[in-house]
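Consider the two complexes below, in which chain A is the common component and chain B and chain C are the respective partners.
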Partner chain A sequence: MVGSPVLFVAIPLLAAFIIPLTGMIWKNSVRIIPGLVLAFMFALSISLMGYVSEHGTIVEVIAGWKPPIGINLVFSPFTGFLTMLMTFLGFMVWLYSYKFKRNVDFEPSMKYFILLMLLVTGSVGIVLTGDIFNMFVFIEIVSISGYGLTSFYTRRDSAEAAFKFLFMGAIASTFLLIAIMIIYSQLGTLNIADIAEKMPLMDNKLKVLSLVFFILAIGVEAEIFPLNGWAPDVYTQAPGPIGAAFAGIVVKAAIYASVRLVYTMYDFGGAFDLFIIIGLITFIVAETTALRQDRLKRMLAYSSIGQMGLVMIAFGIGTKEGVYAALFLMFNHAIIKSLLFFSGSYLVFNKKNKYIKHVNGMGKYLPITSVLFTIGSFAIIGLPPFSGFWSKLAVLTAAADSKMVILIAVILIISILEAVYYLRVVNRIYFFDKKEKTETQKPSINALIAMICLGIIVLVIGFYPDLISGYLDRAATDLMDKGNYIKEVLTINK
Partner chain B sequence: MEKYLDILNVAIYGSAVLLMLIGLYGALTKKSLIKIVLGLSILDSGVHLLMIAIGYLKDGTAPIFSAGNEEKMSVMVDPIPQALVLTAIVIGFGVTAVAISLVIRLYRHHNTLRIDEIKKLKW
Partner chain C sequence: MKIAIILISLGILGFYLMDIFFGIGFGVQHFSNGVKDLYLSNSKDILKVSNVVTSIVVNFRGFDTLGEVTVLFLASTALGGILYKKRHHVGERSVLFPASRIVMSGAKLLFPSIVLLGAYVFIHGHLSPGGGFQGGTIIATGFLLMLLTYRNYSVSHNRLVYFESLAGILFISIGLVGYFSKGSFLENVLPVGNMNDLFSGGVIGIIYIAVGFKVAAELTGIIYTVLHEKD
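Right after this comes the complex of A and B.
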């Protein structure tokens, strides 16, 4: 083993606080260090994934206290896969925003990179931790750095969006604390594996009550329907790459948390139906709302919420095929939505309200960015040569295997709406004339590399889905095997 | 029976729930941004009090092991909720600080603290 999972939390946290010091000596280190750290984390996650596939789950014990007393980190095929995805996206976000505010000012760019590092720390921590209170702390790290990043631009209405986010996040965090306290007062433990083992002892009423508080709290970050009022505002007001970071990293971590609760901690099957119902409502409402948006980033935000609904539906099917489809969707959504946010930001660069009509005729002025946006649009709709096709097919086959015919019908009908609003934008890019003579911004070389990388991944996975299906398969098996998780965490000998 | 009618227990749990309800009421109904932040802060305090109450033990001692004191182990209060509440207080403080700074930003941008007059972003 080359490293240990604790480095995923320790190194970015250290980097976040060391950046201002090195920045005093050498200003460019503020930009370079985060990239090195994220590249290292990605390489580490790949090598640990190789180790895990041979030797089984790594359970890291912190400070010598064995579970269930101490805090532990669990690097299993499932959490490792998500860590790999998140660190890769973190690296892409860094690459895209490497020249962020380079010629403007030193101070804002330093703050931006500090908050970005904290965002990645918190998200990876949520996924790796095996302790619910630790999870609460990481969720708070993510939220607070999220508030900071949202209110980054003082000229926009960003403080309003950030306050909305903060209001929901603060109430959610108290609910999370209440849920943790209900569990602790009944079972006397905070370790997820230990809770999962002792869960049958708990009173049914309190079980439901704590699950409701958990879902309410985590649902805010996971963009579940009635709790996602913050999302469109945050995506429009935050800096462009941060939209990608939210869609690709933070939301994935929150979805992981809710899945871990329902699949591992709680033991009733009704929760799966709850997932399907929540997912369907989220999917339908978000996609229909996206249809009538006139601003590009707002449309992408609602599309992101809708995709999360689809992920919830896939997890709610509850079979191994369903989990496989959900993980495939999470992977694809992270890659494709980042590509769309990255290229979309350049299509409406420097426009005040970022209306969809601003992309008119951009195909001539920004050819590469437009092609990449088009690839992303086609992929997220689920057109065949792109990666999105395979994940949507996996969801539909999983639903068909479980005889959920109505579900298939709803997903297909709503997919038509999705196609309508994405193709509308693509149509404007290529077949409309540019009216006003406004300046277009050519993407910087590092942003272009980041976008092309993501575009290539979309195409490669589209032609060779087998490249990642091995990872996905192992991750799905790992999540479904609850007894194995409990055994591995509780019987660690070190 | 005596256990359930313990006045102290009722008082602590009751005031924790009462604080939470006051905080929620303030956060959800007040129009002034400062009062909303206050409401969130009170809601937080209520939860912290609830956490402390869960770890409370009547006639319990401080959870410190020392020589000649081993037989008192059974009457120690549970230290975990206290450790958790310390963390939660710090986090709550951080959130309140961020909230207040956002309120200042909002006031500079919109020249008002009334939340119903700040509505540039819509659903």
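Right after this comes the complex of A and C.
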């Protein structure tokens, strides 16, 4: 073992404190150091994944106190898979925005890279931690860097979006604290494994109440239907790469948190049905709203919410196939939606309101970006040679195995809506003529590399889904095996 | 009509919430094998720290404190990034009217003692109530007093950045020293000494001093950024 899970948090924080000092000496270091740190995190996650697949879950204690007393980090096949995905995407977002505000101001660009790095760190922390209060702290880190990044352009609209997000996030934090307080008052512990073991001792009323507070709090970050009012505004107003970071990293961490709660801590039948109902409502409402949008980024935002609804449905099926399908969807959505946000930002670059009609005829002016956007659109609809096909198929087979026929019908009908609004944009790119005289912006070389990397992944996974199914299978088995998680954490001998 | 429905449903919701909350029973013994007894005995016997709150905050759950320090750092970073373009140059701040002579002399007199009190609070964090966050906040209020009183009082931005960064680096370095020498991040590496001595509790005191400097620098930086905003 080369490193250990705590370095995922310690090294980025150390770098975040060092960057303001090095920035005084060498200005480019504020761009380079975050990239090095994110690359290090990705490499570390790959090396630890290799170790985990041979030797089993890594449980690391902090400050030398064993789990019920101290905080611990858990690097299992499930959390490791998500960590790998998030750190990879974090690196891609950094690569895409390497030249961000290059010639404008030094100080804002420094803050941008620090906030971006800590956004990824916080999300990784949410996934790795084995303690609910520690999870709360990491959710705070993610939210506050999110508020800062949303209002980064300091325009009126971005301030409004950030304020909306801040308001909902603050209420969510309070609810999360109330839920944690209820659990601590009844069980006297904050460790997730310890809580999971003692959960049967808790009064049923309080169990349900704390679960409701948890779902309300985490639902804000996870973009569950009635709580996602902030999401479209934030995706529209934040800088382009940050939309990808939200869709690919932050939301994945929040979904992880709710899944960890329901599968490991609470683990009763009604909660799974709740997942399916919430997921279905989110999926239907978001996809129908996306159909009506006339701005590109808003459409992508609603589509992102809809995909998260589908992930919730897949987790709600509650079988191993369902978890497998949900993880596959999360992986695909992270890659594809980042690709769409990256290429979409260039298609409507320099346009004032970023309407969908601005992409008219871009196929001629920006050929590579247009092809990449088209690949992304086809993949997210679920057309066969692309990776999105396999995940959607996995959801449908999982639902079929559990004999949920109506669910399959609804998913298929809504998928048609999805096809309509994505193909509409692709149609405009290739078969309409460009009317306005505004200049198009050629993507910078680093942005192009990031987009092509993601595009290649979409194609490769489309042709060889077996490359990833081994990881997914192990991750799904790990999540379903609650007893093993408790045993691994509580019987650690440091 | 709409308002009536909302009020009634809120009332029903509130009633059941209160019902459940009264069922929690604060102060009643629910559990026998919680972590609280372990915290008490361990901080007395192993860490030799008389302020149990401090030993929980800095050692047992030190990772959370690192996170909270980062939250504050993020808040000041985000604020600096957003308000960047609107900053005045040093010395042309808009105070509406100058403070009276009494306030000016009083502030000059109080400032050193406020800083001293803050330093006392965070240095004795493991012995008496208070700690890094509280002490840092007290110091920042001293700077706030000076900034409000004197029109031309200015704090060097670079110096704040030095303090902030070095204190943060110190915190994580202590953690990494524990990681490389004992195998666990933030683990105590120094001798714990005797209870109630100033030099007791191992690394707890040093971490709290770092936190104190960091919080003071960050809050002062936030106040400074906001005061220097143009209309």
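We take it that the second predicted complex is superposed on the first by the 493 of 494 C-alpha atoms of A that agree within 3 Å, B and C clash if a C-alpha of one lies under 4 Å from a C-alpha of the other, contacts with A are read in each partner's own complex, and residues count from 1 in each chain.
Basically, contacts are C-beta pairs under 8 Å (C-beta built on N, C-alpha and C of every residue); 3 or more make two chains touch, one makes a residue touch a chain.
These figures come from a predicted structure and were not determined experimentally.
In the superposed pair of complexes, A:Ile144 makes contact with chain B and with chain C alike.
In the superposition on chain A, A:Asp233 makes contact with chain B only, not with chain C.
By the document's definition of touching, of the two partners only chain B reaches A:Glu160; chain C does not.
The partner that reaches more residues of chain A, of the two candidates chain B and chain C, is C.
Once the two complexes are overlaid on the shared chain, A:Glu107 sits against chain C while remaining clear of chain B.
When the two structures are aligned on the shared chain, A:Tyr430 is found in touch with neither chain B nor chain C.
Look at A:Phe40: by the touch rule set out above, it reaches neither chain B nor chain C.
In the superposed model, A:Ser185 makes contact with both chain B and chain C. Applying the stated contact rule after C-alpha superposition, one finds that A:Phe272 touches neither chain B nor chain C. By the touch criterion defined above, A:Ala170 reaches chain B but does not reach chain C.
Residues 133, 137, 140, 144, 147-148, 151, 154, 185, 190 of chain A are contacted both by chain B in one complex and by chain C in the other.
In the complex of the two chains, the chain B residues touching chain A come out as 20, 24, 27, 33, 36, 40, 43-44, 46-47, 50-51, 54, 80-81, 84, 87-88, 91, 94-95, 98-99, 102-103, 105-106, 109-110, 118, 120-121, 123. By the touch criterion stated above, chain A contacts chain B in their complex at residues 133, 137, 140, 143-144, 147-148, 151, 154, 157, 159-164, 166-167, 169-171, 173-174, 177-178, 180-181, 184-185, 190, 229, 232-233, 236-237.
If you check the complex, the residues on chain C that touch chain A are 17, 20, 23-24, 26, 30-31, 33-36, 38-39, 42, 59-64, 66-68, 70-71, 73-75, 77-82, 84-85, 158, 161-162, 164-166, 168-169, 172-173, 175-176, 178-179, 182-188.
The touching residues of chain A, counted against chain C in their complex, run 4, 6, 9-10, 13-14, 16-18, 20-21, 24, 60-65, 68-71, 105, 107-108, 111-112, 114-115, 118, 125, 133-134, 137-138, 140-141, 144-145, 147-149, 151-152, 154, 182, 185-190, 198, 201, 203, 205-206, 209, 494.
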